[in-house]
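Heads up, the next two complexes both have chain A, just with different partners, chain B and then chain C.
Take a look at the complex of A and B:
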């Protein structure tokens, strides 16, 4: 298992696609920072991506703003592509059968692929956070009000609280992406091309986002995968508004369990005919 | 009797309404070069995939190296080298890097596998290959890489599906020599192919699959037994015909086909009769005859 993980992670960091994807994801918040710097026009408080109005005065908050920028669209697309490629990509290349007769156990392979996707998300979030911090401090400065960062609610936040809440937010974002990865991994065991798996996953996400805007879909809104994605903003309220974060955690947990279970059940008994 | 390496009982695979493999009883013994013949679409590849645990049988059982497959795959597969249908590799990596990936996944101690990648590249004639990615490999190079990959774990059994696909005549010859060399070293070889000539040249036993059924399974020397007829080459055809009245089945200007049990006696008879004999050759069944007789029409043929 360790060797398999080593091989998977090695392939992840060696792949040009990994770094191009991360670069593209990283580009968007950087462009936003540059535009904010040039125009000094932030969204009015309460509108636009979370934290953006705050970062005009405090660049150290920009990593959180960057996360809020990439989380709704860019990151899930990247995760859908990465996880959709996991099994279907190996099948399409024909390397899947050679892995399985090496032998690499099917369950182990699936777990290794999942770990690799998690590593990809962590890597991306880390790169985005670091870039955003550097860009934020350089371009937007650190004019703190009374030496403390303020919460979305306007009350001051100590450095310790900020760090804790940031890590909580990262963990929450990771869990949300794990939900996406589980759906994509499941589809990756069903279809024979990585493209179909990625597109299928995106269709689910886009469909979910669309339904959320529809009043008639209110009754199922709480079960849609993208419903609580941005609830991590609530971690920066005072006091922390736990309700949506908790619901989001349970919902994503359920998605991960159900789709990983289905993916495992399907893959473990699948005829590899490609 | 030597040990059974691959044995199946009533192995069957249905894909929906289509029966791809229909109750076959394979029997591959230790030290065999088993030629697994069949037309395209006859079920060879599905059978190979079932033996390797890639496709799960609908019914029937398969044992490889004395253990049930796919249940004991963890113990069986490390002792098998396989080339399934076509070689496959990560296109952006070099051939060497591809082998290293699989070497890293292999069981067993690292120390005993040292230099193994270079060794197998040498064996398949890719020792001097540069670091270009596999995407830039020719079909023949890919095939060689696939073979190298199969040899990586020093397998007791080689399961090869169309191993000479895409190779030029020299390449085919090299692969044949390599297989024969491995066979002499004690490796059992299961060679699936639709090329009769390829199988005829190296197989010791032959199984013929026809539309999912195993219609022949026999030692090659038994299949190629004499037919009981002998070719007689002679310039005196008319004289010979007069002498062998009733035994001649066919003839042309330079030879006759004679039904005879004792070739030596036939020769003596001809010489005594003053017939000049320039050649005597017992006719043997060819593998092609056996296969065509046992198997029906080609399965990729659709009559109206």
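Take a look at the complex of A and C:
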């Protein structure tokens, strides 16, 4: 199993596509930072991504703003493509059959593919966060007084608290993307092309986002996969509002369990022809 | 493991994950058996009981979004998420939660401070007796206090208990007897121990669904710590003092008029102390705000674009669920903005009384 994981992670890190994808995701918040620096125009209240108005006076918050920029669309697309490619990509290339000829269990292969996707999300989040911090501090500066940032509730936040909460937010974002990966991985075991798996996953996410805008869909809102994605903002209130963060964690956990289970049931049973 | 077993395991796991939370929610609430009159007394007595929690309100009224009334339109036409800490009427905090930040109200001995995260500013103001509604007015105990004011015991009856924020809350239905009221009924569910209202629904005459709902999703009847109602403006934030809170406060302070003591059969409230008239009590209330031409113009334009608008002899009339709005006068003129939970006929009668009996004073 360790060897299989090593192979998958090695492939991930060596793949040019991995780095091009991360670069493209990283590019958007960087462009935003440059534009903010050049124009000094923040978003109108209530319109832009979370924390974007605050970064004009405190560049250290830019990793959070960057996360709010990439989390709703760019990161899920990348995860859907990456996870959708996991099994269907091997099938499309005709390598899945040969891969399974080796003494590799299907369940182990599925787990290895999931770990590889988790590593991809971790790598992407780390690159985005570090780039955003450097770009934020260099371009937007830190005009904080007495070393304290301000919570959204208007109370001071020490550097230590800011770092802890930022890591919590990144962990939460990772979990949300794990839910996306589980759906894509399941679809990847169902269809034979990675594109179909990625598009299917995006259809689920777009449908969920659309339903969340309707009051009529209130009764099912708590079960929709994107319902609590932006709850990481609640980690920066005072005191922290855990309600939606906990619900989001449980919901994503349920999606991971159900779709990984379905992926396992399907993949372990499936006739591999290619 | 055979394929069928694998799929069965997945199906059972999914059913448990979905079913358990639904089953927990569907458990019937236990009713304490308290009478309607006793519950009403309990809720009235619990009006000043401390509490804290997380509240969601949902309004369905598509109010005009004229410049100075945008906030009010959002309060009664959208979903509002709030956190509240209530120590007493003199020390409370209500945070309006947004995905992009917060807009908070902190009330203490200094006055009421409004903090806006995205604007990075804090504004201290006094607390005028006459003002437009704000987030702090949307929490269930505040709504219940306003609507159950001056209620006769014959107007209330018991509703089955309902689980609200984890509390088995006995319910109360108020059906107003006043013919001027546009509200069919108000349902209130309260904490049986503290008497704090936990959920309030307002249903207009002729409607089946609530026009406005506010409910705790998390509730704690313990007194919040004093630190929750203190506010120190963050370093670097813009901090200022506003002596005029909103358009109603401005008109009340500076308009050189005095409205009559009674309009449309509704007596003026003791809280009215200036140019703005507040009439009626409980669920049958109306507010009359004198407006200058430059303020009335944009509002009239918005009202004329509102679905179901009517032009009557006294002005422009709109009915939105239980809320009636009448702006007197025509294009280019000032007028009275008369709004309240009263029938259209009551609004036009109020306009006639205001025209006939308003007293103009030389200075204010």
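Heads up, the rule we're going with is that the second predicted complex is superposed on the first by the 269 of 274 C-alpha atoms of A that agree within 3 Å, B and C clash if a C-alpha of one lies under 4 Å from a C-alpha of the other, contacts with A are read in each partner's own complex, and residues count from 1 in each chain.
Basically, contacts are C-beta pairs under 8 Å (C-beta built on N, C-alpha and C of every residue); 3 or more make two chains touch, one makes a residue touch a chain.
Remember, it's a predicted structure, so these values are computed and weren't measured experimentally.
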Should chain B and chain C be called a clash or a fit once both complexes are overlaid on chain A? fit
Touching A:94, do we find chain B (first), chain C (second), both, or neither? first
Look at A:269 in the shared chain and tell me whether it touches chain B only, chain C only, both, or neither; answer first, second, both or neither. both
Does chain B (first) or chain C (second) touch A:40, or do both, or does neither? neither
Taking the C-alpha centre of chain A as the vertex, compute the angle to the C-alpha centres of chain B and chain C, in steps of 10 degrees. 140
Between chain B (first) and chain C (second), which, if any, makes contact with A:223: first, second, both or neither? second
Regarding the shared-chain residue A:243, is it in contact with chain B (first), chain C (second), both, or neither? second
One more residue to check, A:254. First (chain B), second (chain C), both or neither? second
Overlay on A puts the nearest Cα atoms of chain B and chain C apart, in Å, by 10
Give me the intersection of chain A's contacts with chain B and its contacts with chain C, in residue numbers. 269
How about chain C: which of its residues touch chain A in the complex? 1, 3, 6-7, 9-10, 13-14, 17-18, 54, 58, 79, 83, 95, 97-102, 104, 115-120, 122, 217-218, 231-237
Within their complex, state which residues of chain A touch chain B. 3-4, 6-7, 11, 15-16, 93-95, 97-105, 269, 271-273
Residue positions on chain B within touch of chain A in the complex are 15, 46, 49, 52-56, 73-74, 77-78, 80, 82, 84-92, 101-102, 104-106, 149
Report the residues of chain A in contact with chain C in the complex, numbered from low to high. 43, 45-50, 52-54, 57, 143-146, 148, 150, 152-156, 215, 223, 230, 233-234, 237, 241, 243, 254, 257-258, 261-262, 264-265, 268-269
